[in-house]
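Heads up, the next two complexes both have chain A, just with different partners, chain B and then chain C.
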Partner chain A sequence: MKELLLEIKRLDRFFGGLQAVRDVSFSVLKGMVKAIIGPNGAGKTTLFNLISGYLKPHSGSIIFREQSITGCKPHRIAELGISRTFQTTKLFLQMTVLENVMVGRHTKTNSEFLSALLNLPRTWREEKQIKEKAVEILEILSLTDIKDEYAANLSFGQQRWVEFARALALEPELLLLDEPAAGLNIYETQEIADLILKIREWGITILLVEHDISMVMDISDEIIVLNYGQKFAEGKPEDIQKNPEVITIYLGEDNA
Partner chain B sequence: MNKKIYIPVIALVLLVIVIQLIIHASDAAYYLTQLTMSAYYVLVVIGLCLLMGYAGQISLGQAGFFAIGGYISAVLTTYNLLPYSDSGIIKFFSKLRMVIERQDLYGNRLLSFSPWVGFFAAVAITVIIALLIGIPVLKLKGHYLAMATLGFGLIIYRIVLGTAIFGEADGVSDVPGFVLIPACALEVNGSISLRIQNYYIAWFIVILGMIISVNLIHSRVGRALRSIHGSEDAANAMGVNISKYKLYTFILSAVLAAIGGVFLTHYNGSIGPSEATSMKSIRYVAIVAVGGMANIWGTLIMGVLLNFLSLRGYFGTYDDAVFGAIFIIIMLFAPQGLLKISQLQKICTYFKSRNKGHERASP
Partner chain C sequence: MSFELLFQYFLSGITVGSIYAIVAVGFNIIYNTTGIINFAQGEFLILGAMVGITLSPFLPLPLAIILAVILTVIIGALIEIIFIKWLKEPSVLRVIIITIGVSILIREAMLHIWDEKVRALRYFTGTEVSSVTIFGAHISPQVLWVLGISAVIVICLNFFFKFTLIGRAMRACSANKTAARLCGINSKRMVTFSFMLSAGIGALAGCAVSPLTQTQYDMGASLAIKGFTAAILGGLGNSMAAVAAGLIIGLLEAFSISILPLAYKDAVAIALLLIILFFRPSGLFGSREKSALKEY
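Right, the complex of A and B next:
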C-alpha cells in the first residue's frame, strides 16, 4: 500500500465572479508521477499556485504529509518539502548557474543575517557544503559545463534544465512542474520526459501540469482532467485516452 | 573560507594609508578633513547599495535615517541635565558614567549624556523606526516604494525643522567630540590637531562596514537577497522569506546611515536640517546608481569621489544640480549603473579568453 503524500480536499478559488477552481479534490501517492491536463483556462495553473502557496483558496484544504498547508506562505511550503518550477522559467538572470542552484539550498541551510554579517566559521563551513551540493546536482544533470555562465546568457532549453536543477536542490518530497515542456521542441521534450522519469526513480513524487498530451501519456501514472475549474476525469493514462468525454473537451463536440 | 573576497578590503586598507602618506608629503593636510567627512557619507551609500543593488529595494529616505542618527546623538550629548542633577535617575546614570560633566564654549557647567549613550540610543531608535516604517512600506514595489520612502524623508525633515529641541532651522551645535576609547585618547573630533587620527578612525569604520557588506554579499543571505532582486516568485519557491530579508536589509541600511550620521555630527560638532533634505537622499541614490547598483566597491569609489568634490566645493552653487544631472544621465544612458559588475566581468573574461588563445597558438 502506497503512502499518501498530498491530499487536496474540495478546493475553491474565485477571481471576482469567475470560479477558477471549483470543488476540486484528489490525492497524490508517494512516488508517482501525476499529471493535470485540460484546455486553456481550465484552472491548472491556479491549482498549482494554490498548492504552492502563491494563492490562497477560498475554501477547501491542502494536506501535505498529514499536515495542513492551506494558506501557508510559499517560502514555508518550500521549507516543508514542496518545490516548483514555473511555466515561464524564472531563473535569477543576474546570477550564475551555480549561484542559482545554490539558492536552491536555502531551506536546507540556516546561517542567518547576523552570522552572515560576521562570517562566522559556521557560516563558511555551511557555504562550502552548499557549493558542494550544488556542484553535485549540476553534475548529475550534466550542466557542469555551464555552471559559471550567467543565467541570462543561456538558451531557453538550458534555462529549463537549470530551473530543474534549482528545484531539485531543495531535495523536495514533492516536485511541482508547471508545463515543463512548454516551448521545447520534440527532442528537448523527450529529454525532459526522461529527466522526469529519472527524478521519479530518485523517490521524488511529481505533480505536473502539461499541454503536451503525448508526453503526459508516456510518463504519468495517473492523470486528472480539469475543465472550467472542475475535475472532469481522473485515472490511468490508458483510461483517460479512451474516455470519450475527454476527447470531446480537447477536440470539440463535432469531432467526437 | 573564501579568502579571495577580502583582497579588495586589503587593497582599500593600503590605499587609505597611501593616500594619507601622499597628503602628508604634499603638505595638503586640509584634504584629510573632506576625506574624513566623505568616509561617513560612504557608510550611508554602502548601506543603500546593499538595499538597492542586492535586495532590489529603493529608498529615497536615507537622509532621514542619517538625520535620525545625527540628531539623536547631538541632542543627547548637548542637552543640559544640570537642573535635574539631583534626581535619582540622573545620579544613577552618573554612577554608570553614562552622564558626564563638561564645560561649554563659555565655561559654563554642562551635564549631558556621553556620546556612547548617544550612539547606542541613535542606533536603537533607528532600528525601531526602520522596523515601523519598513513593515508596511516594503510591501510596496518600484515607484510606490520610492514615493513612500520619500514621504518618510520629508516627514523627518519637517520634524527636525519644526521642533525646538532639534534647534529648528539652526540645528544642534556645540556637539562635543566622541571619545571612543578614553585610555588611548581616540576621539572623533574635527579639531585640526586630531585630523590624521580622525581620518583613520573614519576609514576604519568604513572598512568594518565593507567587511560586513562583503560577508553578507557572499553568504547564503546575500544570495537570497540577489534572488529576490532576480525574481520574487522564484525566490519564494526556493524557500526565501522575502519580507523578512527585505526588512532586515532595510534596517541594516538604516543603521549604517544612522552611524554615519552620529559620527559625522560629532566630527563636525553640529548637525542642521540640510542633512535631512530629500535632496540628500536623492544624492545617495545617485551615487549608488553611478557606482553600479550591485557593486559595493563602485559605490565606495563614487561615494568618496563625488562627496569629496562636493565638499571641496568644486560643484559650487550647482552642487545639488550636479547630482540631479548625474541622476538623469545615469537613468538615460546606463540604468544598470556605470561601474556595472557584469561589464567588468565581461572585460575580464575577454582578456582571459584572449590569453588562452595565445597559449594555444604557441605550443
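Right, the complex of A and C next:
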C-alpha cells in the first residue's frame, strides 16, 4: 500500500466574486506523478499557489505528511519539503546559475544571523558543502558549462532547467511543476519529460500542471481535470483519454 | 593653487566622500531588500558616534566603538521590528514616511539624552595636532583611519553578499522575493537583517568620522541627503557605483570651497541631486533597463 503524501480537502479560494478554486479535494501518493489539466483560467496555478503558501485558502485544508500546512508561509512550506517551479520562470536574474542553485539549498543550512557570525568555521564549512552540492546537482542536469553565467543571459530553455536545478537543490519530497513544457519545442519537451521521470526515480513525488496533453498522458500515473475551479474528473490517463466530457472541455464545444 | 593645497582639498574630499559612500551603501542595502529608502540612515551614524563618545571615557576606544556598533545594530533591528515588520504589505510610500518619522524620533531622543552640545570621539591615534605628511600635505592620521575603515566596510560587504549564506539570501530577496520565499528564505527576516547591517556600518562610519567632523544630535539629516544623492547618482541599489558617487560628491564639495563661499557647500550636493533627478533618474552608472529589472 502506497503512503499518502499530500491531501487536499474541500479547498475554496475566491478572487472577489470569482471562485478560482471550488471545493477541490484530491490526494497524492508518495512516488507518483500526478497531473492537473484544464483549460486556461481553470484555477491550476491558483491551486499551486494555495499548496505552496503564496495564497491562503478561504476554506478547506491542505495536509502534507499528516501535518496541516493550511495557511503556512511559503518559506515554512519549503522547509517542510515542498518545492516548485513557476509558470513563468522566476530566477534570480542578477545572480549566476551556481548562486541560484546555492540559494535553493537555503533550507538545508543554518541561517541564524548570530550563530553564523559566532561560529565562523562552521559557517564556512557549511558554505563549502552548499557549493559542492549545488555543483553536483548542476552536473546531474548537465548544466556545468553555464554555471558561472548570469541567469539573465540564459536562453528560455536554459532558464527552465536552472529553475529545476534550484527546486531540486531543496531536496523536496514533493515537487510542483507549473507548465514545465510551456514555450518549448518538441525536442525540448521530450527532454523535460525524461527529466521528470528521472526525478521520480529519485523518489520525489511530482504534481504537474501541463497543457501538453501527449506529454501528460506519457508520464503521469494519475490525472485530475479542473474546469472553472472545480474538479471535473480524476483517473488514470487511459480513463481520462476516453472520457467524452473531458474531450469536450478541452477541445471546446464546436470540436466535440 | 599649489599642488599641496590641491592635494589637501583632494584628501578632505575623499574623506567626507567616503562617509557619504557608506551612508549611500546603507541606503542601498535596505533598498535592495525592501524597495524603500530609509531616511533614518543618517541618524544611525550620529547615534553610533554619540554612544561611542559616551562610552569612550570608561572603556578602551576599540571596545567603546564595538559596543556602539552593537547597540546601534540592536536599535536598527528594533526600529524595523516595531515600526515596519508587522505591516501587511505596506506601500513603499508609507514605509518611507515611517522612516522619516523614525529619523525625527531618534533625533529628538538624542537631543534629550545628549543635548545640543557638539561632541567628538577622541582621535584613534595621536591627537588633533598630530599629522602625517603625504606628498607635502599635512593630514590628520584620522583621515587615514576613515579611508581605511570605509574601504574595509566596502570590501567586507562585498564578501558578505557574494560568499555567505545570509548575504546571498538577501540578494535573492532583492532579485525576486517570490522565488526567494520558495527557496525557504524568510523574506521578512532578511528585511530585519538589512536594517541591522546598515545600522551597524553607519555606526562604525559615524565613530570613525566623529573626531574630524565632530558630532551633534541633528547632523544626521544633512548626511542622509548627501548619502541619498550618492545613492541616486550611482543608481539606486548599486552599491559599488554608490561608493564612486559618494567620493565624487565629496570631491565636488571640497573643491567648491575654492570657488564658492563656504556657505554654498551643502547646496552643491542638493543642486546635483536635483539635476540627476531631472535628467538621469536611473543614475550615472545605472541603465534604464537594469533599474526596470528590479521587481518590487
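Methods note: the second predicted complex is superposed on the first by the 249 of 256 C-alpha atoms of A that agree within 3 Å, B and C clash if a C-alpha of one lies under 4 Å from a C-alpha of the other, contacts with A are read in each partner's own complex, and residues count from 1 in each chain.
We adopt the following convention: a contact is a pair of C-beta atoms (placed from the backbone, for glycine too) under 8 Å apart; a residue touches a chain by one contact, two chains touch by 3 or more.
Everything quoted here is computed from the prediction, not taken from an experiment.
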item: Combined model on chain A: chain C and chain B, fit or clash; value: clash
item: A:83 touches, of chain B and chain C: first, second, both or neither?; value: both
item: Touching partner for A:118 - first (chain B), second (chain C), both, neither; value: first
item: Partner chain in contact with A:104 - chain B first, chain C second, else both or neither; value: both
item: Contacts of A:56 with chain B and chain C, given as first, second, both or neither; value: neither
item: First, second, both or neither for A:10, with chain B first and chain C second; value: neither
item: Chain B versus chain C as contact partner of A:150, first or second or both or neither; value: first
item: Single chain B stretch clashing with chain C - from 95-103, 185-193 or 347-355; value: 185-193
item: Contact residues common to both interfaces of chain A (with chain B and with chain C); value: 52-54, 73-75, 78-79, 83-84, 86, 90-95, 99, 102-104, 106-107, 109, 111, 113, 116, 123, 126-127, 130, 166-167, 170
item: In the complex with chain A, residue positions of chain B that touch it; value: 1-2, 212, 215-216, 218-224, 226-227, 229-231, 233-242, 245, 248, 252, 294, 342
item: Residues of chain A that touch chain C when the two form their complex; value: 52-54, 73-75, 78-79, 83-84, 86, 90-95, 99, 102-104, 106-107, 109, 111, 113, 116, 123, 126-127, 130, 152, 166-167, 170
item: Complex interface listing, chain A residues touching chain B; value: 52-54, 73-75, 78-79, 83-84, 86, 90-95, 99, 102-107, 109, 111-113, 116-119, 121, 123-124, 126-127, 130, 150, 166-167, 170
item: Contact set on chain C toward chain A in their complex; value: 163-166, 168-169, 171-172, 175-176, 178-187, 193, 196, 293
